[in-house]
Amino acid sequence: MKLQSSQYGKGRVRVVKIIREGAIHTVKELDVKAMMRGDFETSYTHADNSKVVPTDTIKNTINILAKDHLGHDAERFALYVAKHFVAKYPQIHEATVEVKERVWQRMGDQPHSFTAPGAPVPFCHAHVGAGGETLESGVSDWLVLKSTESGFEGYPKCEFTTLPETKDRIFATSCTATWKWSAHPARFGEANAAILAAMVKPFCENYSASVQGTMFEMGSAALSACPEISEIHLAMPNKHCLLVNLSPFGLENKNEVFTATDEPHGQIEATITR
Amino acid sequence: MKLQSSQYGKGRVRVVKIIREGAIHTVKELDVKAMMRGDFETSYTHADNSKVVPTDTIKNTINILAKDHLGHDAERFALYVAKHFVAKYPQIHEATVEVKERVWQRMGDQPHSFTAPGAPVPFCHAHVGAGGETLESGVSDWLVLKSTESGFEGYPKCEFTTLPETKDRIFATSCTATWKWSAHPARFGEANAAILAAMVKPFCENYSASVQGTMFEMGSAALSACPEISEIHLAMPNKHCLLVNLSPFGLENKNEVFTATDEPHGQIEATITR
Amino acid sequence: MKLQSSQYGKGRVRVVKIIREGAIHTVKELDVKAMMRGDFETSYTHADNSKVVPTDTIKNTINILAKDHLGHDAERFALYVAKHFVAKYPQIHEATVEVKERVWQRMGDQPHSFTAPGAPVPFCHAHVGAGGETLESGVSDWLVLKSTESGFEGYPKCEFTTLPETKDRIFATSCTATWKWSAHPARFGEANAAILAAMVKPFCENYSASVQGTMFEMGSAALSACPEISEIHLAMPNKHCLLVNLSPFGLENKNEVFTATDEPHGQIEATITR
Amino acid sequence: MKLQSSQYGKGRVRVVKIIREGAIHTVKELDVKAMMRGDFETSYTHADNSKVVPTDTIKNTINILAKDHLGHDAERFALYVAKHFVAKYPQIHEATVEVKERVWQRMGDQPHSFTAPGAPVPFCHAHVGAGGETLESGVSDWLVLKSTESGFEGYPKCEFTTLPETKDRIFATSCTATWKWSAHPARFGEANAAILAAMVKPFCENYSASVQGTMFEMGSAALSACPEISEIHLAMPNKHCLLVNLSPFGLENKNEVFTATDEPHGQIEATITR
């Protein structure tokens, strides 16, 4: 039997880069796949790994190059990475780099608060029974991110604790919010929009001492903004963006390059009333 | 053994309603779940269906009520439907109606062209090899819909044909577009935005004789708008919105109430060059 | 601008075929995609649909050919369908037919009861608080199907009813079952397996007058089989398999060819206790 | 405004445990969610984190307790973890632990080779055109895992390398295999089963020096087993199971507790011919 063709590489390398232009941040979130073709036949046929650049090294390379070469145009980064592999390793004859981008759109003119366009998904629930009727509205999949002005400190430590305290982290979540109507507004669409706008304000403007604290501020703002709702429930998975350790490569990572993760995730939930 | 509690109903009833205000259309797309509680114990314990309003009837009801009672606020519709079930069938003691909405946002000030906010997802592909380099950009999950000015006629009929010809249907798709760069623009982000804007124009403004015809117009517009691309590939699943037959209920459906479907779907693909 | 290449067709055509060999049924469930290449350029460039076999006709064809040509090997059917399109329509020069199969594995030596191998997914929930502890186990995504011995009759009709009564339909569901432990068995793994085995028996052996009736029998069997559980909750979406109307094509469909659907779906839920 | 209720914790903590009974391994893969209720109000209302056990500590705890307390019954582990949180931290009044299990079923009587039941999904592709016909069959989502007898050594190191060499790791993949027919077997179903069975053998029985090497052995075995196929394409994402570092907690992890990951993943692909 013989090897007709082959390729290998790393998929789903999720890089988040904060581009800082003064106090103005831009967030690029990429999902990168890098595949190599070249002189790798003996790894298949003779258990010879001597030319196989590990896929772990491919992942490291993407993160390292993101520090200095990922800017506003993902195209330039993809091309740079592909060229790097072909230039650096003689056994790599071809490289393909595929990038999918999650767009983080600036909220208004906020310097470091973002939302993924298109979300959130509106929903409503009506219940009618012997005890009368209840009506709730809400949104799911509301992706919001602040690239600074968020920390987590002062928590209890025990022998199972390894988390370092921080005054500066990324806060990213896919929020689900559900509010209960005590009266009907003239137009639900407008009232729902006002509730979302009210929640955006503390998210953008206040330092976040914890997801819990920001959640309470957002829920309180919603209740203040809309007299027709009596309570609001918020659920926020903490979509951790992990700072990439670039020190093994002689680089300092000043909160620039992160790995986006979906799992494991913190999960914070609360119901706030008047 | 005994029945402690139960509920039943219909989920994922996908209603599309075109609300017409003069020539201005609004599109509401809802995914509805309606669940009933009440006097249904003997259906579980004694094979007695005499009180079980079929889930098929629940689905019919949602479609029928959508004709006259689904307006701009999904909340009012959800509550109306829940009340209807409790009022009409004495054996139903409680009804819960849950609605998730796919938002269709008007494109600019177009009267009947819409996009789902947030999509599309940008991507790019770089390839570097012995033969040089290639670079492509594109978008996936670009949800666009026109609520009229689309038809399909003049196709060949055979003994396996049942499709009726139409001059007025909904055209909804989740477009994937991929364009190849022959030169690098100053800013990819701006060039990509210009390409999308160019494709929107024929989609909104021209009568669509087929997905094929509109696809060619969109691809041609992209090539005209951006001299740095040499070809464009488009793939459009035809996300059929089926007109609901309301005549069994004595109602005429003047292109108002549709069922959104994901499967089966038409699939149209083409590559357009200069 | 010019058309460089194109193809079109229908995707996600979901065909279910019951193959009857005496009283022994075999169920084939296919998800078919059929794509055409050929002389279709003017449909893109000149709004000329005169050669475009509608994708709806493609879907009809797959269903019609399934009646006589879909047997145990999906490969033979795929090839037959591809040849049919090229042979029948001169404008079609190439056809590609892609088939994905959902395997329905016979339960033991049952003649008409099946399960999708691999499912179900086991889960458990532990809660510890001031009021003590509770423990539940269960399974989700338990795909089971009976190809006959299921009906639905005797339900109330009203002006919104269109469903015909039937004594013979396919019963397919993706069951989620959750049971509560009142005592701990010696081995949870064995107890869970015994509970599943007990539920299978009435599903396979008894005529189903409704999802509700079968659900109660299954739950009762679980409680009988395992003294350590105090109650069981079952949730069964009714994954409707719709009989395909072949009469427009001069064929009789004797419960042989169905369309599998995921939406809309019935949803039946109950909690059964001792 | 006031906090009515709240809970928080960690979701999607994916633990893999190899249970060793002599040379016989058992693999438990759990997806754990642990949620806490208690005296946390001031974290929402007063930016006071002094009682908030970090969700990162919750994740550590699940991994640490898995070492000694995760056995054959997931129920006992879930209950143990829930009790631990309530007992250890006075501010936690209630804990809920939810576990979903991916079942890894022993392949035959192999000591350390496993498959997830239900997968793989069969597929086939037929193409008919002017150049004749081609037919392929295959499977996707074929989940296989070996818990030892796999390593990766002798690869090139550079300044971007951090991966340590290993002679003992978990090899887990979701294989897609596609084979091309040069002749038609009497029964495709039987031929396909023979091809899968042939590929299983080197996967189970041979030491794996790399995904590449095992892939070539599997493809070669398929070609040897079935004279009617001319080539086979294999694609294997390397679903890395990362050894959990338990040394900060004074524990040695002798290849017992791992974190299952979906991203990033290695991706190895090859076509093998005669």
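Letters A, B, C and D mark the chains as written, and numbering starts fresh at 1 in each.
Methods note: a residue touches a chain if its C-beta (ideal position, glycine included) is under 8 Å from a C-beta of that chain, and two chains touch if they have at least 3 such contacts.
Computed from a predicted model, the values in this text were never measured in an experiment.
A.B. asks: Quick one: which chain's Cα centre is the longest way from chain C's?
C.D. replies: A
A.B. asks: Counting in whole Å, what is the centre-to-centre distance of chain C and chain D, each centre being its mean C-alpha position?
C.D. replies: Chain C and chain D have C-alpha centres separated by 28 Å.
A.B. asks: Could you grab the centroid distance between chain B and chain C? Build each centroid from C-alpha atoms only and quote it in angstrom.
C.D. replies: Measuring from centre to centre gives 24 Å for this pair.
A.B. asks: When the C-alpha atoms of chain B and chain D are each averaged to a single point, how far apart are the two points in Å?
C.D. replies: Inter-chain centre distance comes to 36 Å.
A.B. asks: Among the residues of chain D, which are close enough to touch at least two other chains?
C.D. replies: none
A.B. asks: For this structure, enumerate the chain pairs that meet the touch criterion.
C.D. replies: Chain pairs that touch: A-B, A-D, B-C, C-D.
A.B. asks: How about chain A: which of its residues touch chain B in the complex?
C.D. replies: 37, 72-76, 78-79, 81-83, 85-86, 93-103, 116-119, 121-130, 133, 135, 137, 140, 181, 184, 187-189
A.B. asks: Can you check the complex and tell me which residues of chain A touch chain D?
C.D. replies: Per the stated touch rule, the residues are 1-14, 33, 35, 40, 43-45, 47-57, 59-61, 64, 88-89, 152-156, 158-163, 209-213, 215-216, 219-220, 223-224, 231, 237-238, 248-249, 262-274.
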